[in-house]
Amino acid sequence: MKSSANSGAIIKRRFGLVIDLDRCNGCGACATACAVENNVPPAFPEVNERTGLTWMRVYRAENGRTFPDSRTVYFPISCQHCGHDTPCVSVCPQNAVDINPQTGVVSQIPERCLGCRYCMAACPYHARYFNWFDPTWPAGMEKTLNPDVSVRMRGVVEKCNLCHSRWQVAKAKAAAAGKQDLDPADYTTACAEACPAKAIVLGDLDDRNSEASRAAKSPNAFRLLAKLGTDPKIYYRSNREWVRRLGDADVAQIESEASRG
Amino acid sequence: MTNVTRRNLLKLAGGAAIGFMASPMPWRLTDELAIWTQNWSWIPVPPKGEVTTRMTACSLCPSGCAVQARCIGGLPVSLRAPAGSAALCSLGLTGHHLPYHPARLLAPVRVTERADALHTNPVRLGEVVTETAAAIAAAKAGLGTVAVLDMRPGRSISWAWRSLLSGLPGGAVIAGPGREGASLATLERMLAIESGSLGLDFEHARTIVSFGAPLADGWGSPRTLQRLLGGSRGNVRLIHVDPLRSPTAEIADRWLPARPGTEAVLALGLAHVLIAENLVDRAAAAKAVDFERYSLLVSRVTAEKAAAVTGIAADAIIATAREIARAMPAVVLAGEDAGGGRFGRAAETAILGLNLILGNAGKGGGFLARPDLPAPFDSASLAPVQDLDQLPDRSVALLLIDASAGDAAFPWRVVERKLIAKGGLVVALSPFFAGTARHANLIVPAPTFLEAMFELPAGFDAPAATLGISAPLIAAREGGADPASFVRAVAAASRIDLPGAWARSEDLIKARVARIHRVGRGSVMSIADGAEKPLAAVATPDALLEALMGGAKWEDAPSPSVQSMKTMLLGDAAGELERISTCATAPKQSPQYPLTLLPRAPRDATASAVVSPVITKLYRESVLRRSPETAVLNPATARELRLRAGRKASLETAAGAIGVTIATSGSVMPGAVEIAVSPGAIALGDMHTAVKMEILEICAIDESGGWRQSAARLVEA
Amino acid sequence: MLGIGLFAIGLCLIKGLNQTNMDNRFAFGLWIFLDLTVIALGAGAFFTGFLLYILRRDELRAVINSAVVLGFICYSGAILVLMVDVGQPLRAWFTFWHPNVHSMLTEVTFCITCYLAVLAIEYAPIVLRNRQLRKVPSFLVFEFELHKVMPVLAAVGTFLSFFHQGSLGGLYGVLQGRPFAYRDGFAIWPSTFFLFILSAIATGPAFVLVTTWAVSKISSKRLVQPSVYRILAMVSGWLLVTYVGFKGIDTLVWLNRTVPRTGAIPAQFYAWQPFGTWVLFAEIVLFGLVPALILIAGARRRSFALQLTGSLLACAGVALNRFVMTIQTLAVPTLKFEPFMLYWPSWQEVATFLAVAAYGVILYSLSFRYLKLFPHERDLQQY
Amino acid sequence: MRHRGFLAFGIGLGTALFCGWIAFPYALYRQTEQPIQFSHKIHTGEKAGLTCEECHALTAEGRLGLPKLDKCAPCHSEPQGKTTAEKLLVDRYVSKGREVPWLVYARQPENVYFSHAPHIKLAQIKCERCHGPHGDTGSLRPFEQSRISTYSRDIHGRSVLPIRRTEWGSMTMDDCSRCHRERGVQESCLTCHK
Amino acid sequence: MFPGINGFVWDAGHSIFLGIFYAVILIVLTTLIRAWLLTARDFKSHREEDLGWHADFEDLPASARACRHELSGEVDSRMCPNRFDCRYCTDHPKFVAARARQQEAVAVPIPQTVAGFELPANRLYHRGHTWVRQEADATLTVGLDDLGTHLMGKPDRVQFPHTGSRVVTNGTGWYLHKNDVMVRVLSPVDGEVIAVGGPNDEWYMKVKPSPSASGTKHLLSVAEAGPWMLREVERLHIALAADGLGAALADGGAPIDDLTKAIPPSKLDDVCGLMFLEP
């Protein structure tokens, strides 16, 4: 009885990131740390920015003015972990994508995926990536892979899962100590941890006194393409008006020379 | 009859089909095959084993950040910054990949050039030593001089080199060209300080006037950047002078996009306003021996004139000067760029001279003289440490490159022209067949980060000398050679006896640590718990070593004083500055080369000869950073010259041409071409792509050895 | 052609999809586009069957066999390509074992596989009618009985086809992440669901007409009565009119209600060359209304030339529509700061499809040679 | 003729059934012997009287697995008895300080993140629930691994059919999720997959 | 997919979707099985011959399927609805009745030869170019008519049913082999084969009509045979005309006795198929 009560206890969290675009200076440490943490393989020589695997991808965007008035902003974009009408969950033909009720993380299970890429067509953030190549590391470098994350195979889709392996480790640690819930200090994402400017913050958006939820409520916080109604759990904030306009969907197109070339 | 048998066969088949369907085989087979696709033998399997956490420090760039390694079965699988210490850059985060980099050398090699591609053939270490010894002999016999190109001066191995060179003709240790903080040498000469070296005190500066110092791209210790980025930026203001809309410019309070090459004029212009408006402590400034001449010289460079030359509005210049004066102490930097190198003597003198009239010498928030780290051993005679431009051209017969602890990006020609015409030998100590080492005739594989003990002497921007140690976590690969023992071997082979009882690098480091312990000054800062305790409290040298190995840093007690014999505002560049101050207009662009080529790179792309292959995430798998194959123009300029984004083109200067892809961005100064110097294909681990000429090789090199800008043109293919 | 194609297929299966020019933005490429087109054209099979067996338009008996074979070829070909298109063909059965019933793709997969089976069954009697095979009495009798139950299968086929043609449309209509493709709809079905059905059944007969004509040109035989062509043209024409009508309404609703709600601006969709507003015009008028009118006029005036041009245009129209839904949807950026992208298929992609096309041609010509695809052929030889 | 037809049919059926039911399972699995023999019975029985937890102990990170050599060394510094296994253990491993390369029957595949901690500590599940009563087995059966999927045979269970005679018959995903459902554990892919 | 498989839940979506799916599968399967059972049944009731003819008849060109009353000009255009089995035809009796009335008006002269082919009056003719003569002992003699004989000439080999076996109307009568072309001759009557003749005899089979056999209504009287024969000759002409073999049919008045000599083997098969009613 006790046991079942124990394991049955419901813990609902809504983990999300809040990214301060005014702090981000585009160093890319988040992308690198992410790749190291999640065993994302390096690029084949043939790979380009259209076929690469970047769970955390930093877009460079400009305000469209020209020198010296041109200003640059960096958008670190991972899976936005939509909470509602999640585009990818509903389209996957074989339940390889779902939302973890305990964390609100949108999962992508490479072992179940058949590589139809419908979810990629569905995702407005292009946060899902397809393994066009077999995963390969230089000889010996497989010794540096993270044992808590399985290496994906060619022909499947993969994406950010808020370093879910770290969540699992933290849960296990808590359980070993007989605790149901993990200690927030034990769980943060690689990108948040690596950011030199502390621009990325992970936290439970429902937990009123988590730093993340407070930041997410700040007046200058916004979510990408919010109007699509997918309720993403990744928030961005910036005091610069043009940046917010760039991130939100209901303003006229701003030419973006940046991500060209 | 045939019909009958056929019919029977049919029935047999039918029976078999039904039978199989009724057995688990087809279904299990389908399942097993599906699972097989999850466990393909060619998918790498992560290691299994005990999870441990170990502390060390990053030796890949001079900052020496503290590192916490997560190890599986003793081998690091991820690196991160320990709580409370500065975060790691992309290079540091992937440092544990470098021992497995495809460019990693596992045996000494001889480099030969065939069909415009470099090839390596393994040789025995003995051969390298004898050939080096032979070259030394030849040098002694008058063929030329012997020099060591040290990419990380200040390490105790430098003393080993210096004692090796001391007896040799023209023997000198050359600090890597264009390295961070090199410009301080100029300031040191202007101050003619007797002992120790200058250190920067950012902590107390209220204004940072950065002439091109790429603080946000890794310049100086990350602490500075964090202070600038931190929400509590509060009392420190950043004024950034840079033709590039760089990340540093993005975070600057004021950005002055001076035309490339006119920084000196801008500096003089600022000086003019500061003096004219009495914003400086004249009395302090007047201490300088050449103050009269200086003030006369700057008096010529009015704000208007400076504006005409630099392209920055006169009132902006005036406003800047006032801002500086308002928020003192204001430290002025002539920042080197990891890809663009130094400004050159004249410009550095003009820029750094501002510090003197602002009275920053020996002031908190300015420049402090700090005692050097103790030498690892005493030696009767030591070869000097010099800058490259102090070497006469075509003089060096034997050049030893010590790239064992890191590398830097510079045009090889700046070194090449110091070598004798032919018969000169270049021997490199480097873990990788990449970077500077590619220009050597012989390469000895040194251990790389995490494979051996590295010492991390103070960054130039620390107010006091500090020492950290990067402890090895991985067993050194077979076939490597320890730099110190290589020095010993060479010395032995050419019958030079070296002072001190040391065989390997560790011995040198331990010896130095022991000396520090004997000095007894300063304190030990532990990373694990952030506790700081006086060195006196550390009982034995071994205890100190242990602490440092565990990630602690020793920090000398600060001594905020600069004993300078005489201050010179014009240093040894008076002549050049005279000329600069007199020319009244912007530098002309030749019609043949209408563009100004600005090679740049962030530190994490150049501090090591190679980067982890996963750094492709930043360069090739996304366009966050532009690869060395991409030349970026202002759209307007592109339109003028009828160049289209995305097209292949050849980027040409007087020195040569390379193939690039054109990109456009509004953030680029009209008339300029921005291009990254690193990382190339090899640095990223792609050994198959044939090595083309690299961008730095076509950069023009000015008289003071700088290569920040060159006249160039783009021709669409 | 088949050889090269098979080689290309081999490459894609062994080396992986890096052989194609698809990428993370163009997750779908040439293959999906052509699959959708081919399946739309294959609709002729079920719709002719529907007209013949359910609505009892017996004139169509003249083309039903050919239509069925066409359908079979289109569907089997499409599935073949899909098998190459997915990253892990060996896991394809997961969709049946762990289906996500909310996904349009699941619906498509189920329906198409079922319908292929049905088509195979419908194909069987045509094969069994072969002069040699019918010598085996059991075959002959089975064929006879099978023929009697054909209406049931036709009904099932019709049901399935209606569904998956729709689901193929829904495939894109439901992508609320892609304002360019997203459509409002009824219940769980976006409007594209119904539009695809309409366009498919409208162009199916047209395609049958075109192929019949082509075959009779190549074999220089008269295969069916002109009246059959007329019926096909008439059916196709009127359905096309209906389709264009609804499509027009849908487009207006989409531009004025759906898109603004998603925060996007319709004008942006067509701001990127080469996909200007001309695409919209071509889709609805040039290859929609025009062929419809031509077809009807042709049927009225008994001018075969008109009927043929109309049919060709109609087929082109459905292809264009599928192209817009698949490729243009992916080309149009969703985030403000990302670029517009284009994509060209690699030779492997083209070759793979050509292989399937070759397979189709071969299978059809074999059927034509040995089977009786056009029952009236013989009579028409007489006079 | 008819009769002969049936004969042919029967033959086909028979061979197929044989291949499917008997030959196939035999051919599917590759058998390897454990490096040395080991008797759980002796260790758990009155002889040593150990409990599972004493060797298979839970670490602070919630990991639990086979005991390392340091667990064996204290008693087995020199052979306890005459068996070859004993001799091997001491000579080849204990004395050399090399870990015994046990082949793990119950190892889950790469894509699964399984931690014993929640199952033992929170749900209080007994070892036998999943591992069966091998605590009192006298010897180690050979390790069987599928030639195709590389899974240990214990994952799919002894029987080639997905029919479980006992509670601990197999360790497939369905088994996990069945138990989870019974206990009302919130489930999603990422609960167990990594 | 199935309850119990991981991920399956009893929600509306699953129930509806899978419900429909299984329904479809079920329908398809049952349809197939039904077809199969019917097949089995047909074999039990030995309908294969009949069904064979059924299929063949459908495949016959329209010209070959004209109703006998069209041939005799009693109706302008009529396709035979009963596969030449007038015994079960509802309209046939009406026509006969009508004819009876007419015959009172004018007596039709009975031709002995049509287009050079003999049509003996004491025989009944079948559309498959066979004739039937009712013998005194109530048996039926079956033979190949004049056109058939001329068409095939002297067959190399004749393949008869075993004496004692049953033949059915429009089922296989016997096979004629000529220059490796095999021609199936339809049996004009139901009954048991009691004797077989051959090309050398004037007849091919003697048949004892089965009690169930309901007469010879379906056979053409010599009067009807005339127009029919004309039509047949015309069909033959057209068939041959395609390769300009028209002339081969008749040199002068009398048709040559062995057309196979004149017709290229490639074409022979088709021509025979056309004339002997096998598509």
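When the chains are written out, they are named A, B, C, D and E in that same order, and each has its own residue count from 1.
Convention: a residue touches a chain if its C-beta (ideal position, glycine included) is under 8 Å from a C-beta of that chain, and two chains touch if they have at least 3 such contacts.
Since the structure is predicted, the reported quantities are computational estimates derived from the model, not experimental observations.
> Quick one: which chains contact subunit B and subunit D both?
A
> Of the other chains, whose C-alpha centre is the longest way from the centre of subunit C?
Farthest chain from subunit C, going by C-alpha centroids: B.
> Which chain wins if you rank chains by how close their C-alpha centre is to the centre of all protein C-alpha atoms?
A
> Computing the C-alpha centre of each chain, which chain sits at the greatest distance from subunit A?
Max centre-to-centre separation from subunit A belongs to E.
> Would you indicate which pair of chains has the most C-beta pairs in contact?
Summing C-beta contacts for every pairing gives the maximum at A-B.
> What whole-number Å value describes the gap between the mean CA coordinates of subunit B and subunit C?
Spacing between the chain centres: roughly 60 Å.
> Express in whole angstrom the distance between the two chain centres, defined as the mean CA positions of subunit A and subunit E.
77
> Could you give the separation in Å between the centres of subunit C and subunit D, each centre being the mean of its C-alpha atoms?
Taking the average C-alpha coordinate of subunit C and of subunit D, the gap between them is 52 Å.
> Distance from the CA centroid of subunit A to that of subunit C, rounded to the nearest Å?
38
> Indicate the residues of subunit D shared as contacts by at least two other chains.
Those would be 61, 63, 110-111.
> Do you know which subunit C residues sit against two or more other chains?
Residues 88, 91, 94, 97-99, 102, 106 of subunit C each touch two or more of the other chains.
> Touching two or more other chains, which residues of subunit A qualify?
48, 51-52, 59-60, 62, 95-96, 110-112, 134, 149-151, 153, 155, 258-260
> Each pair of chains that touch: what are they?
A-B, A-C, A-D, B-C, B-D, C-E, D-E
> Using the touch rule from the top, collect the residues of subunit D that touch subunit E in their complex.
Where subunit D meets subunit E, its residues are 173-174, 177.
> Once bound in the complex, which stretches of subunit B touch subunit C?
Contacts found on subunit B: 30, 33-34, 36-37.
> Help me check something: in the complex, which residues belonging to subunit E touch subunit C?
1, 5-7, 13-14, 16-18, 21, 24-25, 27-28, 31-32, 34-36, 38-39, 42-43, 47-48, 51-52, 54-55, 59, 61-63, 238, 279
> Which of the residues in subunit D come into contact with subunit A in the complex?
Its residues touching subunit A are 58-63, 110-111, 113, 115, 117-118, 121-125, 183-186, 188-191, 193-194.
> What does subunit A use to touch subunit D in their complex?
Residue positions touching the partner: 2-4, 6-8, 10-11, 95-96, 98-103, 105, 107, 109-112, 148-151, 161, 164-165, 168-169, 171-173, 175-178, 180.
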